[in-house]
Every structure is written in C-alpha cells, then in structure tokens.
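Same chain, two partners: subunit A is paired with subunit B first, then with subunit C.
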Partner chain A sequence: MAAHTAAHAAPRFNKLALNRLGLWLFMLSETMIFIILLVTRFVLFGTGMPEGIEVDQLLGLVITILLLASSISAYRAETAMAHGNRDAFQRNMLLTIIMGTVFLLAVVAWEWPLAPHHGLHLQEGFGIVFFAMTGMHAFHVLTGVLMLIIVYLNGRNGAYSPESYWGVEATVKYWHFVDLVWVFFYPALYLLN
Partner chain B sequence: MRLFSYGLVRALVYGVIGLVAGMAVTMAVRAALGLAAWAAAPVSATGSIVGTLTFLWGVGAFTDWWSWARGAHAAEPPHHHRDGPEWPRYLNFDPNHRIIGVQYTVTSVIVMLTGGLLALTFRLELAQPGMQIMTTDTYNYLMSAHGIIMIAAILMGVGGMANFLIPMMIGAPDMAFPRVNALSYWIAVPGLIMVVSSLFTGGFDTGWTGYPPLGVKAPLGAQFFYLGVFVVGLSSIIGSVNYIVTIIKMRAPGMTWFRMPIFVWGMFATALIQLIATQFIGMAFLMVVLERLLGMGFFDPAKGGDVVLFQHIFWFYSHPAVYVFILPGLGVISELLPVFVRKPLFGYKWVALSSMFIALVGFLVWAHHMFATGLGMVLNNAFMVTTLLVAVPTGVKFFSWLATLWGGKITFETPMLFVLGSWVIFLIGGLSGPTNAFIATDLYVHDTYFVVAHFHHTMFGGFVFPFFAAIYYWFPKATGRMYSERLGKIHFWLMLVGFHLMTIAMFWIGLHGMRRRIADYDPTQGFGPWQTVTTTGAYLVGIGVTIFVINMIRSARRGEVAVPNPWRSMSPEWQLPSPPPDGNFETPPEVIGDPYDYGLAGASYVRVAAPSAAGH
Partner chain C sequence: MDLQSKLAGKFRLGWIVAGGLTLLTLVEYWVATAVTGNLPYILVIAILKAWLILKYFMHISQVWDEEGEH
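Then we have the complex of A and B:
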C-alpha cells in the first residue's frame, strides 16, 4: 500500500537538475581528452609551426566560421523549442545539421586527402598531431551530428514541448562544447606561426 | 531457449558474433582496398571494438536508449517485483544499485583470483635461481598481466563498494542514473575479457605500464591489453559521473556535507579523480595503439615524437589512480572502526577533508615515478616536495584511527581484524614511502623489489584488506545470511602472516639490489632463500583467499540467517531489511544527528520509517 502511494507522490528529486549536472561532469571529463591533445601538440612542436607546413588557411577560416555559425543556429533551435515555436525549431535544427555535416566532410573528405600536399603526413612530423586533433574532434562532431539528427526527427514527431525538452537542451549543449573545442584547436593548428 | 533469457549468455553469444563479423568486414574492406585481407593487428582491433558493442547490445544495455532514439517516451527504469529466485537478476542488465554492487564485487573477486593465479605461477619460477618451469618470455607475460589484471580487479572492487553503499548510506532510493550505472558495469566486462585474453593472443612483455617503445614493438597481446584498459576506463568514467551526481544531489533530508558517512566522502574524492584523470591513461594507451596500427609516431623521436611525453600522460592518471584504489579502502576503515570500538570517530571533519586533500595533491605528484628518467633537478625537487606533502593528510587519517581506538571497547570480529590488519600493513607501506619520495634514496631503490614491496603494502593495506573487511561486514546486508566467523578468522591470519613473509623478504632483498621484473637472478647474490620465503608467503595468501571463497559460497547458500543489525551500526543501510527492497527506503530517512556518535547517551543518526510490509 505504502509503495503504491509513494509511486504517486511528487518526485523527490529534480530529474532535470540531475541530468544537467551529469552532462556538465561528462563534458568536464571529455575536456581532458582535448587538453591532452593540445599539450601533445605544444610539447612536440612548440608554439610555432614547423618548416614546410602550409595548411589551407582559407579552408580553415571557412569551416571555423561555419562551425561557429552552427552553434548560433543550435542555440536558436533550443530557444525556439523553449518558446514552443516548432517551425523555427525544425528550421534551425536542420540548418545546424547541414552546417555540421559540411564541416565534417570538409575536414575528412577534403582536407585529409589534400594534407600530404601541404606537408602533413599521418605518420611523422606535425601531421601526427594534425590528424590526431582533427580526427578526435571530427569524431565528436560526428556523434554530435548523429544526436542532432535523432533530436530533429523526434522533435518533428512531437517528442518535446516547452515544458520538457531535455533531449534538445543536452544535444545543443554538447554541440556548443564541440564548437568550443574547435575554438582552441583552430589557432593551435592553423594560426600559430 | 531458456538459456537466452540470461543477459550474460546473450551478451557472450552476441559478442562473439560481433567479433567475427567485425573481423570479416575489416578483411573485406582491406581486400577491396587492395591490401592483404588478413593482418592480425587491425583486423582484431576492429573486431574487438565491434564485439564490445554487440556484447552490450546482447545484454540489453541499449534497449531503452534505442527506443528513446526512435521516439518512444522516456520511462523510469523498471523496478522488478518478480516472484521467484533473485539470482537471475545478477546475470542480467539490472538498473538496481544493490544488484550492480554485487555484480561488481563478484567480478572483482573472480578477476583477483585470475591475477593471483598468475602471480602464484611466476612466484614458483622465482623461488629458486635458474630457470625451471618457464621461459623468460612467459615470465614477462605473466608478470605484466598480473599487474594490470589486479589493477582492473581493484577498480571493480571500488565500483562494487561504491554502488552497493552510496545510495543506502545517503538515504537515496538508487543512483542518479540507474541505466548508466548498469552500463558502467557491463561495459567493463568485455574490457576485462580483452585484458585477460591478451595472454592468449601473444602476451605483452612491457609490465603493466606499457611504456613505448617496448609497447609499440610488443606482441599482439599488447593491443588487447591497451584496448581492454581503454574500455575499463570508460566504465570508470561513467561510473564516477553517477557517484558525483548522486552524492551532490540525492542526500537524505538533514544530511549535510559534514553529516555524510566517511566512506561517502572517500568515494566523492575518488570519483573526482576518476572523472578527470582516467582520460589520461585512455589517451596515452590510445596513442600507443595508433602508433602500433597506423604508424603515427607520437612517441617515436625519429618521427618527431617524444618518449617521455608518454610517461607524463600515463602517470598523470596512474599516480592519482592509486588514490582511487586506496581512498575507498581508507573510508571503509574509518567507517568500521567506530562501530567495533563503540566510540565516535576522532576528528570527523579532518578525516573527511583529508580525502579531498589527498585527491588534490594526488594530481601534483606524478613525476615522482620519473626521477630516473632525467627530468632535471628543478622538476625532481618540486615533485619530491609535493610527494612528501601526501604524508600530511594520510597522517591525519592514521592519528584519527589511533585516537578512535584509544580507550575503546574493542571487539575482534572478522571485519575488525581486517581493519586492524590493514592499519598495520598500510602503516608500513606509508613509512616505506619517503624512501621512494626522496630523490637520493629513490635512485638507489628504483626498479628494485623494495618498490614492489612498498606498492604491495599500500595496495593490501589500502584496498585488499579493507575490501575483505567490507565484504565480511556487509555480507549479511547483501545476502541476509551470516558468514562463518571461524573460516573468516583463518582467512585473516593466513593472509596477515603470508603477506608479511612475502613483503619483508622483498624489502630486504630489494635494499640489497634485487631488480624487479626479471625472471632470473645470480645465485651467488644469496637471494634464493629470501625468494623462497616470498613464494611461501604468496601461497599462504593464496590458501587464505581460497578459504574466503569457500566461506562466501557456502554462507551465501546455507549460512545462518542474519539478525537485522548484527554490528549495532547507526548507519542508514543497517536500518533496512537485508537484503533491502528495490528503492531502499519507503519514505526518505531523516538525518537528525552526527554519523559516529557511538557510546554517547541518546545519540541517533537517522530516523527511518519502519517498513510497512512485515517480514520481507
């Protein structure tokens, strides 16, 4: 009897607060991966760029702008859901997915095959950290895009409401995190000289 | 098929299918790219990763998340109210923290037995100079595997104690994320299988540290070792997210930070270390695997890499990791002492904060493992000072225990014997620490049996003995039955005597120059008799643990039914039925006093509503 009434009582814990803290802790842990890669880059190659490396500056700039813009659209999608504006949610979500996918393809399908021509080799020299850092980041972009697609499809089927949209919030927060990582990786890989 | 209703069976079958399928696809891709289809390293690497995922799919880890991803509504994890025997729950993906705690603990004991058998095997070889029963390669494989398998066993044991105890001790119904919690256990299983299978896939001869360049050149077994540790590391990380959120957000009404049981403080510090540091061993090992598989020369100076970089990343986890191993154990000591002494814990706040201080300082000492690497005097001296700082919070704990024992009415049941044993062992471990912390003496004892003895003292005193104390102490809580006190005491004395035979001989020959990690030694050095003593001690420990296993199995099946609170503890978990029902407390308990006010008139820690259904 008592168990029956307890099940119907108000929940004792704020599930959303638990989820939020859990996500922040997860991202704190993930941060370490990227710190290790940055440290590796600076330990092995100092604060400059070794001789003979010519990264594609235009491409780097374009994909950086693209990724930062996708963070804005992701934010707009979350805010739209919070205000119950489903059309804006879907539009911004789709925009984010497209920009994320283009970023991913630009790195993996365009930049990587061309890298050896810029002096970046997988097995030796600056190429080691270039491929390791862009690769680990691209893996996180990939997981982010997959989650964005899931959330987009679920949102289109009415899984979220202004009162309950943790799935959207979590995915967008993760997407901001992946973008923030790139804000540190971009200068370390492209700009320092 | 009825066998398929057990998650473990399903997981193993799916895991093997995934392994084979992953290997086949990799071979097909390689053939399509014009490479030779079979190459053991890359094919087995992708195979074992796919196998890990299908293992988890088979056990049912992804069922709920998969249905969420397809748009089903979020549901609370199901709480089982099944009739019939409870034991099938232990073989399934079950979100209940108590089940997961037992799963972790049993796994820990099984893995520990495996690692122990390896040690007993190569100790036979070491008992006499000259090579008698194995090749030097076999010795290296067994010695390396012993190290990492025991470390994995300790991580499982920490998970076991944490999962079983944290929610009950803080008055919560379960962990914050029950499904993630079950995942953190089940993802460790394929990781452990990979680590153990390294022995059958060529072994690795690097020691558990896996330093490159040797780690890059080691046989295929090294790849399984690195990937297995990586997967077990994932388990640690997601487990620690759960512990931290649970401790911060789910404490019972009235349980302020300084009214938490000390074990929970220890676990909080442990979880913070695990959360942040585990990524470092994961990345260090991932980078070695990438160097092995793709030739990326992170640690190869000829390609622009740096060997010492590996040591820095590796020890940035692996030093704090020893505090992951010992902080829960030291928490158990502080938790049990007041109960068996019937006195308040001396200096509660200082003991609680000392765990946090150890966790903090633990991040600043890693390079003391590298005094012989050649970092230069400035760095060496800095790390010597930070290392010696660790003695301060550890000393706080020791003096607290001493003052708690002082003038108490001590009783000597098996858990208390193990607590007192760990106190002695950890003390010797601590006192032999500064010898390694001072640069001058460390350069002398570096890579000798002295270090081996010191390390085993800290592990046995900081984890193994407290772990056994915890198992005996909470055995009635987990099973509802009492263990055999007589067998428990035999176990204790065999372990205590055997362990000291083992390590005192090691300290002695270590100081006289016996190198560690070598299969043979010069008979004229006179180490033979001491090595025989060490081997004898190791076998006594082995016999003791065997008696422990017999005791546990017999008592769990046919032991005396335990009284509700055999230790007269004030802690919330002992106010529950044994074993506790799912969800633990029907109404949240209320904390109305301090946790360790034993022997004070009218003292009370928690108020728990009596269970309504009589006779659980």
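Then we have the complex of A and C:
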C-alpha cells in the first residue's frame, strides 16, 4: 500500500525534462548578462552611432551570416543523431566547429586589431561598449566551440545514440543561444544610425 | 514514413528556416544602409529572427510539452 502511494506521489517530470528545464534556466541567467550589456550600450550612446565611429558593416554582415550558417549545421547534426545517421552528425558537427572557429578568429584576430582605425578604442567612448559586448560574446563562442569539440569526439567514440543524446542536444541548444545573442548584438553594434 | 525520410523532411525544414534568417539579415542590412532612424524596423526584424531560432532550432516548446523524447 505504501509503495503504491509513493509511486503515485512520484514527480511527473522525467530526467530529460528536468535537464531541459535546467538548461533553459541557465540560459535565462546568461541572458541577464547580455541584456545588461545591451542596455548599457543604449543608455550611454542612445539609439544611434556616436560621431566618428565607422564600424566595418560588411565584415559584420559576413560574420553574422557565418554564425547563422553554423546554426543550421548544428541543427542538422542534432537532427541526424536523433535519426541515427552518425555520418551526417559528424560531418555537420565538424562544419559547425569550423564555422564557429572562423567567426571567433574574424572577431578577435581581424576585427579587434582594426577597431582603433575605425575610432573604437578599448578605454574610451563607444569602444568600451564595443569591446565589452563583442568580448563577452566571443568568450561564449569560445566555450561553445570547446563543447562542440568534446561532443564531436564523444560522438566519434559512439557515446550517443538516437535513444540517448542529451549531450548533443544541450550543446547544440547552447550554440543556438550564442547565435540568438548575436541577433541582438549585431544591429546594436553595427547597424543603428 | 521511414527514419531517413523523416530526417530529410527535418533537414528541409532547417534549410527553410535558415533561408528565412538569411533573408531577414539581408533586409536588416539594407534597412541599416538605406533608412535613417532605423531602430524600430531593426528591432522588429531582430525579434522575428529570434523567434525563428527559438521555435525551430532551440525547440522552446519542449519546455512545456514533452515532444522530442529520447
């Protein structure tokens, strides 16, 4: 009788549902950091671009499309694993890692060194906000790429199956989150006039 | 429908969403270069893009229903 009652009192959520809820709560807490940075940009500099700032809009567009493209390959990798297609999973995961790395290098190794020539300085004016926002985002891209590499290697070793691939799902969701943040950062830093 | 046909269908959906996101990004870029005082337009486009990512790539509905069990 007691066992019967305990079974009825068991929580409705299964482990996967709890994992998903936990991940979403984590991403929500991360969102707060990014919202603070976004609000800082608008409070300090209004809805336009300050005088004398010439961001490289074309570079911004190219890296934005690159990050979007990495999201589709991440989606394809997760979907492929869910349907038991390991070859497509590995191919798309590798593609996502490559595109994520190129995005990171384009920001850190290309755009940052050029930024002072466009009026963006690390310790003054709009440059502070620019480097803080792109820096925080780049850090998340870096952690995302590292997680993607771990998942790719685990996948190669047969750690996931269509019945159990939470590691893939969580990492890909995080990668989409990084893309989602850029959806708002990109116009705030490059497009407003 | 077998598993590989389902996979092809999901891949197709992914391409459609990616196409929508790319198109919106290009429109956003055009608005930035051609329209003065572009904040309202850009905000609407960004929200549309975010909705596409949340719904189709991140499957946000899994939080309140149990689709996609594995």
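Some points to look at:
The working rule: the second predicted complex is superposed on the first by the 180 of 193 C-alpha atoms of A that agree within 3 Å, B and C clash if a C-alpha of one lies under 4 Å from a C-alpha of the other, contacts with A are read in each partner's own complex, and residues count from 1 in each chain.
Operating definition for what follows: contacts are C-beta pairs under 8 Å (C-beta built on N, C-alpha and C of every residue); 3 or more make two chains touch, one makes a residue touch a chain.
What you are looking at is a predicted structure, and each value in this text was computed from that prediction instead of being measured.
Shared-chain residue A:Thr40: touches subunit B; no touch with subunit C.
By the touch criterion stated above, A:Tyr165 is placed in contact with subunit C alone, subunit B being left untouched. Touch criterion met: A:Asn85 reaches subunit C, while subunit B stays clear of it.
Within the superposed three-chain model, A:Tyr75 lies in touch with subunit C and out of touch with subunit B [touch as defined at top].
When the shared chain is aligned, subunit C comes close enough to touch A:Pro187, but subunit B does not.
When the shared chain is aligned, subunit C comes close enough to touch A:Lys173, but subunit B does not. In the overlay built on the shared chain, the residue A:Leu21 is in contact with subunit B and with subunit C. When the two structures are aligned on the shared chain, A:Val108 is found in touch with neither subunit B nor subunit C. Counting contacts as defined above, subunit A residues 14, 17, 21 meet subunit B in one complex and subunit C in the other. Every residue of subunit B that touches subunit A in the complex is listed here, in rising order: 68-69, 71, 73, 173, 176-177, 180, 237-238, 240-242, 244-245, 248-250, 275-280, 282-283, 287, 290, 294-298, 303-306, 309, 313, 583, 586-588, 612-613.
On the subunit A side of its complex with subunit C, the touching residues are 14, 16-17, 20-21, 24, 47, 57, 61, 64-65, 68-69, 71-72, 74-76, 79-80, 82-85, 88, 162-166, 169, 173, 176-177, 179-180, 183-184, 187, 190-193.
Those residues of subunit A whose C-beta lies close enough to touch subunit B in the complex are 1-3, 6, 12-14, 17-18, 21-22, 25-26, 28-30, 32-33, 36-37, 39-40, 43-45, 50, 122-126, 128, 131-132, 150, 153-154, 157, 159, 167.
Of all residues in subunit C, only 3-4, 6-7, 10-11, 14-15, 17-18, 21-22, 25-26, 28-29, 31-33, 36-39, 42-43, 45-46, 49-50, 53-54, 56-60, 62-63, 66, 68-70 touch subunit A in the complex they form.
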